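The chains carry the letters A, B and C, assigned in the order they are written, with residues numbered from 1 in each.
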């Protein structure tokens, strides 16, 4: 199926050392992920012995039934869903404003939106922490959501504005010209055209939120999202097998939708997927 | 109908300091094929966009068959537009694209599909209804865009350089077809272009735009034969402008005039001069053989150049080049001179 | 009805714009810019050592604390770590990026691109966690060292005071390796993008003018890939600078900027000092960005 090497590639061949270093770098990137899967099945409960003494499936049901794990998982999902919804609304509005209108400070908008993702996470985190302290805001579920939504906006914004820019400029005008008002134009023309971009943006925002630790550390108080729970398990390992399995689940929950999103983006040949 | 289809009363559109359209008066008659001709940035497209409703005048009023539409949004104006980039909706089939206006009006599905297919016949694309825009060629998209606008029976159809993206052959073919379709449907067409040949071929009347103003409005023959300003003389066809002392010597008046190159005849120095002719002597500086005809550049005595075009009826490329750097006499009828002012 | 509303807004584009822009703008101004300002404000307060209360009075005392030797050392240590991680990622990333840009077929390229970005999209904590498994005393590295009879060498290395520690999973070398692993894709992608943009004709031209492949690489490809390298280094440098998870998990007792910020705001409730500390990476990053802009890196972003 994967047939002959394509003819359009370079006629010269990569030298052996180059090929080996490239393969080495790829292995370096991927072996650790394989190990996560391997350790989910080890019988070793108290250490990270390699090679595993034996393999077992018994941890998987145990991990899934673990209530602490379940609680954090549900909290994380709720945060991610709400942050994604907020990011979708804010990101799409911002993209529409920047695309459709000319106004003073337009350039600054995209710069401001990308800041929370571009500056080291700790800056965003401690900044929010200091606002919480300065204004005596109590830590709640909502402080986490607000923090997450803030750095998720930019991925939605990037995807949507990229789609706008690739669409024909006059499509909206054409629709109005043919008798559709703004709402009809949005429903019949704009939405179908940015639909996949919204979908890709939503998936990216969701996994960004689902994985986040650094900002969350500063906005969560005593609540634990799944990544924070794993982090605390690493600091003081109490239940290694459960942590191993959870780690594997997290990889599956985030990596699969992302591969799906990449496909959407690739199919509609939309360049930008957000930078992180 | 006696009302003009479109009437501009002192219409201006300023973007900050830039006067895209500056105090324009314009009247387009009912059922006319009207072209707005001018270089890019001359204000022709802005005028079109103001008729469509995408832009609003900063001053003045626009009337559509007597109704002031200056402040109506596009979806409340009985005009439709064919866009330069066609602006077909990529997520819809050709059928749905064409029927879009009818769908918005609430026409039932079966009825509008039938109408869409009839309109596809009108633009000579029967059977293409189920395809997507991405599956069509540039020329075909062009026709679909036209059908999508025509199906709504607009009172005025606006065409924004619709042939710009097509290659020469297709463009010439479409020029003829557009004209035919316009005759068939009897709708007023307003056609924006920067191509003078296109405007001359298709239009009943032409408005020549320059820097936000209309320089001249008239029939193709008017505009071509009797340009009223130097700009029109230069933009529509080759400008052969002569002024000052040389003009005085030829016409007896220093007024600036223009004469079209094909009106001028290359004559022998001893040729008879008739009373209704102007005469000028000069030296042939350049000869360009172009097959069908030859272009000569003649430097007049006392200064100034004239371009002369003569058909190669009996001459060959070898003959014509012989007269390079020879002295020659130019003759043309007095009626072919336009005094262009400026 | 909808038509009327639509027309109302159509005639008032400014109002429509305001309606679109207000929600995201207000959100960011309040939540984000507001937070950054409160960070700045907090850094001018100070913590009363006796009562453990934050005193809300303007003072430069907190900033002065940054300049005591321990804290200066933290800045230095973090910057050195960020620099070494950056340099190492360039070395590892370049061959792969070069291979992707020059030798991979179109299909292979898509596949490789996915392979490089997939780890980026995999959970950050989990990827860190995987190195807990790898570097543990009983883990795969030690196992491999024993397998090839180099465990003596490993132990000798770990006994080195500046680089080693009780085990690889508690040592500066461990931190370095994990950082390198975590941020490597951020280096590969910009370099690959920069190399990709070099037209093939340019390389052929160099060859045509008599340059050997090695000379072409050095005189044509390397300078053109440089903006990509700088762009990548912005990521690796900035991310290393601000991270606290990795030093927390793999570090010995010595602090890094992120860990210090976390500790000050957390256990000791000294938000002013944490805030002042954060100004460090912000200033370092801004200078780095300015330098990068001068070197033309933003064209490659």
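The working rule: contacts are C-beta pairs under 8 Å (C-beta built on N, C-alpha and C of every residue); 3 or more make two chains touch, one makes a residue touch a chain.
All figures in this text were calculated on a predicted structure; none of them were measured in a lab.
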item: Most distant chain from chain A by Cα centroid; value: B
item: B-C against A-C, pair bridged by the larger set of C-beta contacts; value: A-C
item: Mean-CA-position distance for chain B and chain A (Å); value: 54
item: Chain B and chain C: spacing of chain centres that average the CA atoms, whole Å; value: 59
item: Cα-centroid distance, chain A relative to chain C, in whole angstrom; value: 17
item: Residue list for chain C, restricted to those that touch at least two other chains; value: 3, 6-7, 10
item: Sequence positions of chain A contacting 2 or more other chains; value: 181, 184
item: Junction residues of chain B - those touching two or more other chains; value: 73, 75
item: Complex interface listing, chain A residues touching chain C; value: 2, 5-6, 8-10, 12-14, 18-19, 21-22, 24-26, 28-30, 32-33, 35-36, 39, 47-51, 89-91, 93-94, 96-97, 100-101, 103, 109, 112-113, 115-116, 118-124, 126-131, 133-135, 146, 149-150, 153, 181-184, 207, 210-214, 217-218, 227, 230-231, 234-235, 243, 247, 250-251, 254-255, 258-259, 262, 266, 276
item: Interface residues, chain C side, partner chain A - complex; value: 2-3, 5-7, 9-10, 13, 16-17, 20-21, 23-25, 27-28, 31-36, 38-39, 41-42, 54, 92-93, 95-96, 98-100, 102-108, 110, 112, 114-134, 136, 138-140, 142-143, 181, 184-185, 188, 200, 238-239, 241-245, 248-249, 257-258, 261-262, 265, 271, 274-275, 278, 281-282, 285
item: Residues on chain B engaged by chain C in the complex (per definition of touch); value: 71, 73, 75-76
item: For the chain B and chain A complex, residues of the former touching the latter; value: 52-54, 73-75, 79-81, 83-91, 100-101, 103-105, 148-149, 152
item: Of all residues in chain A, those that touch chain B in their complex; value: 167-171, 173-181, 184, 188-189, 192-193
